[in-house]
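Chains here go by letter, A, B and C, matching the order in which they are written, and residues are numbered from 1 within each.
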Amino acid sequence: MKINWFKYASPASFYPLAGQLVPKFAAVAAVLVLIGLYVGFFHTADQLGGSNPQKEYYRIIFVHVPTAWMSMWLYLVLAGWSAIGLVFNTRLSFMMANAVAPTGAIFTFLALWTGALWGRPSWGTYWDWDPRLTSELILFFLYIGYMALHSAIDDSRRADRAAALLAIVGVVMLPIIYWSINCPDPNNCAALHQRSDPGSIHASILIPMLLITLGFWSYSFATAFMRLRDIILTREADSAWVRDMLLEARADTGGGSGTSSGVPAGAGRGAV
Amino acid sequence: MLEVLDLSCRRGDRLLFSGLGFELPAHTLLHVRGRNGSGKTTLLRALCGLLQPDAGVIRWRGEPVTELGDDFNRELLYFGHLNGIKADLTGLENLRVAATLDQDPVTDAVIIAALAQIGLAGFEDLPTRMLSQGQKKRVALARLILSKAPLWILDEPFTALDTDAVALLEALIAGQVASGGAVVLTTHQEVALTQGEIRRLDLGPAAPQ
Amino acid sequence: MLKVFWCILTRDITLALRRRTDVLTTLFFFVIVVSLFPLGVGSERELLRLLGPGVVWVAALLASMLALERLFAADYDDGTLEQLLLAGQPLSLLVLAKVVAHWLLTGLPLVVIAPLMAMQYSLEPIAILVMMAALALGTPVLSLLGAIGAALTLGLRGGGILLSLLILPLYIPVLVYGAGAVSVSVVEIADTQPYFSLLGAFLVAALILAPPASAAALRISME
């Protein structure tokens, strides 16, 4: 079967599809996160790999690690949609990037918060300039920068494209920034560099972590699509299909409230 | 020379015009008319490539301008609402920079002659911030005398000019058309041509706000 | 091509020399910020020696960023930027010329005055030399990266504050290795070599990648 992908590249046809998908993703997210948390809290041994006994507070990693993963993945998603938008000049891609950004920022913030909560009992301080958490902080700044630039520009087209370029610059700079934070002394890098290898994590810990990560992915889809629907409606308030839809909705509710997008389209016609 | 097919532009989320098409051969002046907010400036900026149109193609000598890039820009002279001259530079320095950017180096004597022609003899060594609005505009218009570009795109060039300068500018535009160039301009006044052809393009009314 | 580059470079320098206050403001901002720190943290010599490299670098970051706001703003306001975009010359080249001029006017003075600032923090002569070299390599990177931000925030209200939000996180690698080189030079001068290699690599990469990015940003902002 051949699917016409470009059909969904237009905001008008994507709007109803997104509407159908939101509740499904939200349900999947709730189920996966609940199962993951349940397994992590009640069916995982009180240890973090090896024979090193840990206190119960270690269970915060079931939230901390997935949020940190998500924060980085979503920045890549953001930059990816931005690049697609700039190359193919598709408005929906920019809207997508724009809808993902707040979710990414929230995950980054959660990763920082849970990191601080983890740090207090284990290192005796909320903030230790740990390289990974510091990188997470910088990532948070990048998200904030993206959103601040987008909202500072009134013209939606310029806002989309400028913020997209910033996201791409950010994604090019991120590895360099991460590296400079992880290795401030280039003579002596190995000592500071933390390694993590998913294979070394015990399966009983890895499985709930992955479940929660998948749940967070679903949550990201749900919130991004919700936001996307808002963005599409605001941006396309002028267009015929939004007006038709609003008229239909008003007819269904018996023509009640007087909400109107009443800006007539100013389509001029040229003639020589 | 210039050919526009099915052009549509939006400003923000508002569609200004769509399905716009015209052709502009040599020896022609295109007079773009329309009310405030009808998209005259947007059209002119789209023609220069300063603004990406929403849809449509603009061709210069048969090739899309998006592919020509800098080659098209070299054939083009744009005169916008802003004069594009530095207040801290003298008229001579301003025009010298403009000529270098056009890769059309001219001697100072030629520039001074151009400034004299436009009525600024003796002002060439003054920083332009000392000049009046109209005089600043004249410095910018001296670029038209020096320019060898076949396509001129002029956005409201007559504002802030006195009658002498208006007559001079009309003569310059007529000269450009007569010598085989093309001119696109927006203005609220009529321009007389002795040679060549005037076409008119009316943009629809702005959306009532 | 070279002629156009030279033309824009000399034009910007001429303009700046006719309005000298802009250049001097940046320089004095740098001097004041660096001089305020000892008043805040106390004038204990050992502490200052430890803080010196970082403080001078952070001040240089801020000074270069403040100056960046004006990089394209004046040309934007009077319409010359429009003419640059339509000049029929590679825009990256014109941007590079403007950035070089900008660095000569705001970055180079910081490099020159840095020894004076370093003395306030009782840094050793060798550390002062390393600091000058690191600033000479690092501040051009700041100008090049900052140009992207300046182009993106062109003509926006509150552009200056926004610019700092966008650009300061990108300055981190230069800050880390620039200040690191000075700190390390006090211990063992031979250890500074990898720092300089990295700063040099940043400079080369920024010279190649930043002007096209700024040019693209300018085209977006000028629409």
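The definition used in the following text is that a residue touches a chain if its C-beta (ideal position, glycine included) is under 8 Å from a C-beta of that chain, and two chains touch if they have at least 3 such contacts.
Computed from a predicted structure; not experimentally measured.
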{"item": "Middle chain, criterion being Cα centroid separation", "value": "C"}
{"item": "Pair with more cross-chain C-beta pairs in contact, given B-C and A-B", "value": "B-C"}
{"item": "Centroid spacing, where centroids are CA-atom means, of chain A and chain C in whole angstrom", "value": "33"}
{"item": "Rounded Å distance, chain B centre to chain C centre (Cα mean)", "value": "37"}
{"item": "CA centroid of chain A to CA centroid of chain B, Å", "value": "46"}
{"item": "Residue list for chain A, restricted to those that touch at least two other chains", "value": "155, 157"}
{"item": "Multi-chain contact sites of chain B, meaning residues that touch two or more partners", "value": "52"}
{"item": "Of all residues in chain C, the ones touching two or more other chains", "value": "223"}
{"item": "Residues of chain C touching chain B in the complex", "value": "3-4, 7-8, 11, 14-15, 18-19, 74, 77-80, 82-90, 222-223"}
{"item": "Residues of chain C that touch chain A when the two form their complex", "value": "148, 152-153, 156-158, 162, 165-166, 168-170, 172-173, 176-177, 180, 184, 191, 194-195, 197-198, 202, 209, 213, 216-217, 220-221, 223"}
{"item": "Touching residues (chain side chain B, partner chain A) in the complex", "value": "10-22, 34, 38-39, 52, 199-208"}
{"item": "Interface residues, chain A side, partner chain B - complex", "value": "89, 154-157, 235-238, 263-272"}
{"item": "Of all residues in chain B, those that touch chain C in their complex", "value": "45, 48-52, 70-76, 78, 80-89, 93, 97-98, 100-103, 105, 127"}
